[in-house]
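By letter and in written order, the chains are A, B and C; residue numbering begins at 1 in each of them.
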């Protein structure tokens, strides 16, 4: 029966299972209310139908205050519970674990491109290891898309000009559907892919087998010189620019007095719109690379900057 | 019974109809046009459901399919749902219910119909020359920079029709404030007027923001000004905020009049005053106000901040409370009533069930973590169809049948009407309930082709849609028949309270012989079940 | 009570009609607030995202023309208020003169705006046509000017409509169509013109003042 009429898609991560428990809670609340409502409607409609002269219609409820207050408060309490429950799970989803394995996703009409830090590339497939938290850093080359893995119960829009992130931790090996969930043109419904979850050793072997142009960070290092970034962003340069060693993940004081964390989004914005967030103590001299740098190059450079840790090169 | 001709027969020249300032005739003009648009939108839906019977894209190409669902949304939202009850039933009934001769600004009323017509024809023309494929939500940068379709034309049509909405809302606000009959205080107003008043406030405050947003999209596309271009620093999220700031209150524009109709029907066909009148009245205002603060629940996965997500989710739960209050009060009204099951009452009862179901699934969507899973899937499609079709269209049909004798002077055939109501109910559920299942299985929306495992639910849904299509044709046939052969209607065929029933069916052009005055509370059905004349 | 010709059939008396007209105009102005408000919200969002680019772009505007136009608008509003006051005192001919002066100032406003647009076109500042901006945040500077042209363009359309309305109201004042008892159309026209004026003042602050403190 389940194969012929699909009724349920199993969740494959702990987050997915938590979402399913939430669903059960929502369903139970809904069914309780609907059952009560349909029962009352049916009972009143039948018992108090005009043809039933015998029904007792004396002592109609006049003062409605207590009833109104009761059902209003009960509704609000139930809603508050559901709100908190959903909010906590949501906050959990947006709290990305720091040691997650990053994979870069670029969406374009009508395909998904994935880049691993080792430089391995995929089209419409993302290979990930079991039991490790995976973090996706996603951006679009053109219109808004949305990265949706039903089995993991996660979805996030993928925007042009911005990096967005989600995370998940797969719990068993298998292949799961990837859909685009934001209408993006002619072949929106064909923009499907596969999430291929493999055991850790199989994943390592798979990574090793792929052709790469060097690791993502190594590619980024080449581009760093090619675009002239090293002309200012090295010690002893003629123009004074922030040094980038160990920058990733640090708090950066800005010229307007606020503090900003140097995450992927900050690094991208610094390259594309350098005047929007100027580091404190520096002149707004950096030119914008918007329109001159592709998504793929941007990802590589960001990966390179991330690798400039104080303790040496780490992806 | 006076000898004065009714508004229908007072003048038969064509220009007396197209240059009328009589609110009743304007209502008829609107009725004809929105019925036309309902069937245009319905035709698009037919293509959609036929295509979705099979997983492959074998009926039409993807480009055509994308134009179909866009047209379905644009036409149904702006040219059917938004104007339906306010511009047809509202325009007809408001001055009568209030004891006035017409609305405050009759010529603006006629202008609003012409704007609606021009806007509608512009959009139809856009469809005719190739259509648009952006979805009714026009998200940027797809609509401004990537779509190869007639976006500017379509958007212009909606822009013009928006002014029609604004004028209707403005007219209702001034009319309800200033033209009430002597003795008709706010707390003696029928609840239909409270709902229309709340609707009018939203029409007047939300629609201008849509107008601005669509204007910017058109300029961006037409002149390339780049205001939503990410490469220039334009923010695609900003479009979404501006769009949904209107489009969420818009759904309350659509549902509040329906709720108002249901209050009238439940009261009349239970022969009881509405339980908790003040609560139902103020809940309409509460929905209108709170509805302005929830738009971000359409954007939980869009990239807006987590903080915004929390605020919008909380407010979305809050805005559901006044709707719940209405449902409880309607149900309590049935208690110890004298309930009759005429067609309008069948629609009212169906509304309560279907709207509550749709509304409860709205809680799933308000719930942040669950919305992450089901947003942009068929779950959302099912949710809003339950509210819009199961709720709003059902209420519209209920009101149409209820006031049909007043509007046309004829009774419709009761058994056909009940049969159609029941068929609509079954066809509707069969069409849209499977879509909840599809959503929970993870099928995204706006998909032309889909994975084969989803097919069985789509077949069920399409089958239901075929029943629904037949069911919606039935009223067209028997209501049309009744215009010529229906029994002549008395002034008050339902024995209802309300000033509109104190004048002949159909009313004379000037509505009332003498201005009525009101001394009794609304819905004053005595214990024995007889209605008292309001101005006795 | 005797129904005078100005009394429309749906109203019971002239007071009800004038009340309705007034409420109608205030409601319409509320829609205009939301209309321009949406645009101004967009401006505020973009200015927060790109403060330097907006400041740099704003420095390209011609503050002399902007300030002059502001003075023109404020003066014309004063004249309209004065004219409505005159109608209350049954001084139709003086009111007509004042309305027409205000309309003339409105035309002057549009004239100066046209000159300003021509200058901006020459300086290649028109997005979608010939926009070229150098230096910092060129893209966001284009956003500023896109807002500038849309906002002032829409405002100019409202001014043009207002000029026509003022001319008509002036003409009817002179024809003694208004009296102490009945001058709602003029009051309502005045409300509209004052609103157009207020919108200009807000736009002036958003367009001409950034980057110039």
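The rule is short, and it goes like this: a contact is a pair of C-beta atoms (placed from the backbone, for glycine too) under 8 Å apart; a residue touches a chain by one contact, two chains touch by 3 or more.
Here the structure is a predicted model, which is why all the values come from computation and not from measurement.
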item	value
Pair with more cross-chain C-beta pairs in contact, given A-B and A-C	A-B
Chain at the geometric heart of the assembly (C-alpha centres)	B
Separation of mean Cα positions, chain B and chain A [Å, integer]	35
Inter-chain centre distance, chain A versus chain C - centres from mean C-alpha coordinates, in Å	45
For chain C, residues contacting two or more additional chains	49-50, 53, 137-140
Residue list for chain A, restricted to those that touch at least two other chains	273, 276, 290
Numbers and ranges of chain B residues touching at least 2 other chains	231, 233
Residue ranges of chain C in contact with chain A within the complex	49-50, 52-53, 136-140
Complex interface listing, chain B residues touching chain A	57, 62-63, 66, 133-135, 139, 141-142, 145-147, 230-231, 233, 236-237, 270-272, 275-276, 279, 300-303, 306, 309-310, 313-314, 317-318, 320-321, 324-325, 327-329, 331-332, 334-341, 349, 352-353, 356-357, 360-361, 363-364, 366-373, 375-377, 437, 440-442, 444-451, 453-454, 456-457, 527
In the complex, chain A residues that touch chain B	4-9, 18-19, 22-23, 26, 29-30, 33-34, 37-38, 40-41, 44-45, 48-50, 55-58, 60-61, 64, 67-68, 71-72, 75-76, 79-80, 82-83, 85-94, 109, 142-144, 146, 148, 150-151, 153-157, 159-162, 164, 177, 179-190, 192, 273, 276, 290-291
Chain C-facing residues of chain B, complex	95, 100-106, 166, 170, 173-174, 177-179, 204-209, 211-213, 215-216, 219, 223-227, 229, 231-235, 238, 242, 245, 510, 515
Touching residues on chain C, where the partner in the complex is chain B	8-12, 16, 19-20, 23-24, 27-28, 30-32, 34-39, 41-42, 45-46, 49-50, 53, 127-129, 137-140, 142-143, 146-147, 149-150
